[in-house]
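Shared between the two complexes below is subunit A, which has subunit B as its partner in the first and subunit C in the second.
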Partner chain A sequence: MNPLIPIMVILPIACALLLNLLHGKDKTIKTLAIMVGVVLPIIPLMTSFGIHYFGGYAPLIDDPTIAQGLPTSITDSALNLFHPAITYAFASAQQLFIFILGIVAFFAIFTSLSETKRVSGVYTFLMFMGTASITAILLSDDIFNLYVFFEIAALAQVGIILCSGIERNYETALKYMILGSIAAPMLLLGIALLLGLTGNVNITDIIYSLKHGLIDPYNPLLLMSCGLILFGWLYGSGLPPFHTIKSAVYSKALPHGAALLQAFSVFTFVALGIIIIRIFSYLPLTQWAIIFFSLLAMVLGITMALMQTDFKRIIGFLAVGELGYIGLGLGMGTAFGITAGLFQAVNEAIITSFLFIGFGTILYKTGISDTNKLGGLLVENPWVAGLVLIAGFAMAGVPPFNAFQSKLQLVQASISAGFPELGILMVLLSIITFMTFVKVFYTIYLRPRPKDLEIINEKIPKATIISMVAFLVICLVLGLFPHLATDNLAQLAQGLV
Partner chain B sequence: MIIDVQLASFLTAGTLIIIGLYAALFLDNLIKKIIGLSFIGEGANLFLITMGYKPGGIVYIFLPGMARDWFAQNAAYPLPFAMVLTSIVIGASTLAVMLGIIIILYKKHGTLSASKVLKD
Partner chain C sequence: MNLYDLIIDKIQQIQDKAKEQEPVTNMSASAVLAAEITLISSVLIAAIMLRRISDILMVVVVLALFFIMVTAMPIIPRLKREQNDSLKSMEFYVILTLGVLITLFYWGTTHV
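Let's turn to the complex of A and B:
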């Protein structure tokens, strides 16, 4: 057992609770948030791979002292292998995901602390709480524990929207909660069905029951459970029919908040997607459902981005569209495809954060996010404009940035998996993404400046620029050395096939 | 006619979920929508708790004097009950946040009509 595994969840929760109590003490909040923020991406790098059993309750097979004296009806059965407590599993893929989540969380918190004049302990609390929840979702091998953190993450996301002070944020938050209050019980029902059929909520044990004939894998209730969990997955990650509300959620959060929210969506998408594949991959319908909703997300997300005038909404829809690429990778069902999909997830979390924080500088300087009212801002901060341009190129998959590598791998995987049409579609949609971005960039930075456009903040905080440069460096490093990520992900992908 | 307790619970859970879905999707008043959403959550909780029902079983509290094997054979499955407790807490928190938002929206718009408050 490795005690650092639960620390990855406990530390941000403890920090969040403390920050909430310290609300009003700006200096202390800043110091504490920065200190814990720096530690967040470091812990997964220091933690050795393994399993953590809460309460120390390992399966009987791993703990012969407890097994002694128990009846043979227990020790000679599958009960000997089952996990009696909540289990967290930490391997190379989780290490990479939690590291990237930590990086995004740190820079989002760092930017928020420097851009906000009056530091809010509540806002920082929500950012840490959300980060802790998503880390737990990535680590948990217990599907009910995952549901609990899924709900906490949803509440943290709503809180981040409520703290933004942006017009109509309360309306958007309520809509998101109403939809969540339908989707979450559906997810719970799916879990309840799995529990009823297998007697277990531990994912490894559920898979054992399915593979060893302890339950009929073609029981119609399992199909129903798969559908219900899939519904929860669509809500959690913002795939259609929840794409509109998800992009609205991003647009009603402050840019640093939106950067973190999209990372939450990406990693929820990955975590739940992996669980769906692990449990239900023997049902061909699962693969097709993942591909169908991913395609829908790509087409709807990217085409709807074209029609928007608010740049936060545009990035929101583009982020939803990019999720489709990850889903296609997962849906292909080959190790190469899944690795490419997971690599795309890592890249998307970084690039979309880069874009949100980059475009956030426009909001900071002008207080406007409507592209019709903007223009000629290149002369204000040409270096920042250059960084935003690079972020857009990275999202569209322009070399030598990271998304180029993952999208190239996805196209190659689609061809080798026998889905060349998916590859063509991915290339076409990348071109549309590029066009959308160029249009937005031209409107904001290059066309003549409207006469009534006022600059409310002259200087962009250094922390924002540092964050953007850090994201650029990560994009370049992963673009030039993709094996740094793919080596970590390949092992998980092999296990899923 | 005697109906099996477990079947009756499943039917009640299903009915609660259907009524809840109807209220959440088709009623215009925000408070009624929230009540509907609570019905869905409670339906899911009832469904979950019904999973742990054991006909003729006993409460899963190991009392002095009980034989271990007898207890193991007769006690209800405790896991769903523990899960439902957590789920109730989550549901209550979500409900509180939603009601808080509705109070603010009512002060802002002067109405509880979802079609007026939530329109884009």
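Let's turn to the complex of A and C:
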């Protein structure tokens, strides 16, 4: 067992609690938050792959000393293989996801600490708690443990919206909680049905029970459980019918908060999506449902983005639309498609953070997010405008950036999987994404400046510029050397097919 | 009334009362038109995937969808009105999706 595996979850939680205890000591809080933020992406790189059993309870087959003296009715049965402890699994794909989550969390916290006047308070606490929860969701092989962290992440997200101070943020947070109070219990019910049928919450054990005939894979309750877990997945990731509230959530958070929130959504999407494929891939309906909701998210997200005038809402809808690309990759059911989908997830987490923080500079300078009231900002900060333009190009899939590689792979995968229609749709919707971005960029930066537009005479913090440049470098590196990510993801994808 | 006028009229209808007096800009009109074309073409291309079930079904559904969508144009302003931030409409779609999903998974896999 590797002690660094649980540290990836424990460290941000401990830091979050410590930040609360240090309330008022702004300098100490800043130093501690930045130090832990720097460490977050480093830990997964230093951790060796393996499994961690909480309490040290390995399966009996792996620990003969415990198995000694037990009756053969246990040691000769499937119980010998089952996992009695909460199990965290850490492999190459988790390493990449947690590394990227750590990078986004660090830059979101770094930017917030430099842009926010009051460092003390619950905002940084919530950012660390949310990051810890999503890390646990990515690591956990225990579906009930995953649900617990799913709920903590949902509460952290609501808290991040409440801390923003943006007009009507309370209303959006309340709506998100009300909708969550419908969806999250349904996810729990799905897990409870799985537990009732298999007697297990460990995902590997549930799959073993299904594959070895311990339960009927077509038991109606098991099928219902699949539907309920899929519904929870839609809520957690913000796919339709939750796309409207999810985009509202992004628009009511501060730009650095929104950057982190969308990363939470992307990695929740990936973690739950992988679990659904692992357990229920034998049902063709699951594959079709994933494709259907992903397509719906793409079409509704991108067309609704075109219709908005608030740039935060536009990026929110675009972020929802981009989730669809990941889902299409997962839904294709081929190793190539799943690898491309997971690569798209990594890219989306980076690019959308880049865009939120980039457009956040407009909010910082003007306090306005309505594009009808903005214009002529290119002369104010041409370098920042250039970085925002590059972020938009990256999101639309323009070479040589990372999303070009993942979208190209997705199109290739769709053709080789026998779904050329999906490839055509992905190209079409990428063009519309590009068009939406160009429209926003033109209205904010290029058209004549409105006479009544007031610009705050304050420089954009260096931390914001550094974050944007760092995201640009990652976009370029992954665009030029995609195998740095895909090599890590291919192993997981092979195991899912 | 041609299609363009129809779309402009609908955009004015969905704008707030305060904004009703404002003219519709070229940009918002072209955005609605682009969204409309995207929606229709996406739905039709997606419907082609039904060929995996039956070619005849695919042809019938594509033709029916094309006819319905062309006669229902402009769709996007109506869709935008539905995709608002009203809690009631969000709850309606959430519960509708839950019902359809559970029905499909509970009965669809084994009883159809």
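In this section, the second predicted complex is superposed on the first by the 494 of 497 C-alpha atoms of A that agree within 3 Å, B and C clash if a C-alpha of one lies under 4 Å from a C-alpha of the other, contacts with A are read in each partner's own complex, and residues count from 1 in each chain.
Just so it is clear, a contact is a pair of C-beta atoms (placed from the backbone, for glycine too) under 8 Å apart; a residue touches a chain by one contact, two chains touch by 3 or more.
The shown structure was predicted, so the numbers you read here are calculated from the model rather than taken from an experiment.
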item	value
Clash-or-fit label for the pair subunit B, subunit C on subunit A	fit
Touching partner for A:155 - first (subunit B), second (subunit C), both, neither	first
Touched partner set for A:192, first subunit B, second subunit C, both or neither	first
Subunit A residues touched by each partner, larger count belonging to subunit B or subunit C	C
Partner chain(s) touched by A:496 [first = subunit B, second = subunit C, both, neither]	neither
Partner chain in contact with A:230 - subunit B first, subunit C second, else both or neither	second
Which superposed partner A:182 touches (first subunit B, second subunit C, both, neither)	both
First (subunit B), second (subunit C), both or neither touched by A:144	first
Partner chain in contact with A:170 - subunit B first, subunit C second, else both or neither	first
Shortest CA-CA distance in Å separating subunit B from subunit C in the superposed model	5
Touching both subunit C and subunit B, counted on subunit A across the two superposed complexes	175, 178, 182, 186
Subunit C residues touching subunit A - in the complex, by the definition given at the top	27, 31-32, 34-35, 38-39, 41-43, 45-46, 48-49, 52, 76, 79-80, 83-85, 87, 90-91, 93-98, 101-102, 104-110
Contact footprint of subunit C on subunit A as seen in their complex	172, 175, 178-179, 182-183, 186, 218, 220, 223-224, 226-228, 230-231, 234, 240-245, 248, 283, 285, 289, 295, 298-300, 302-304, 306-307, 418-419, 421-422, 424-425, 428-429, 432, 435, 439, 443
Complex contacts: residues of subunit B adjacent to subunit A	17, 21, 24, 30, 33, 37, 40-41, 43-45, 47-48, 51, 69, 77, 79-80, 83, 86-87, 90, 93-94, 97-98, 101-102, 104-105, 108, 117-118
Subunit B contact footprint on subunit A (complex, rising order)	71, 144, 148, 151-152, 154-155, 158, 162, 170-171, 173-175, 177-178, 180-182, 184-186, 188-189, 192, 195-196, 199, 201
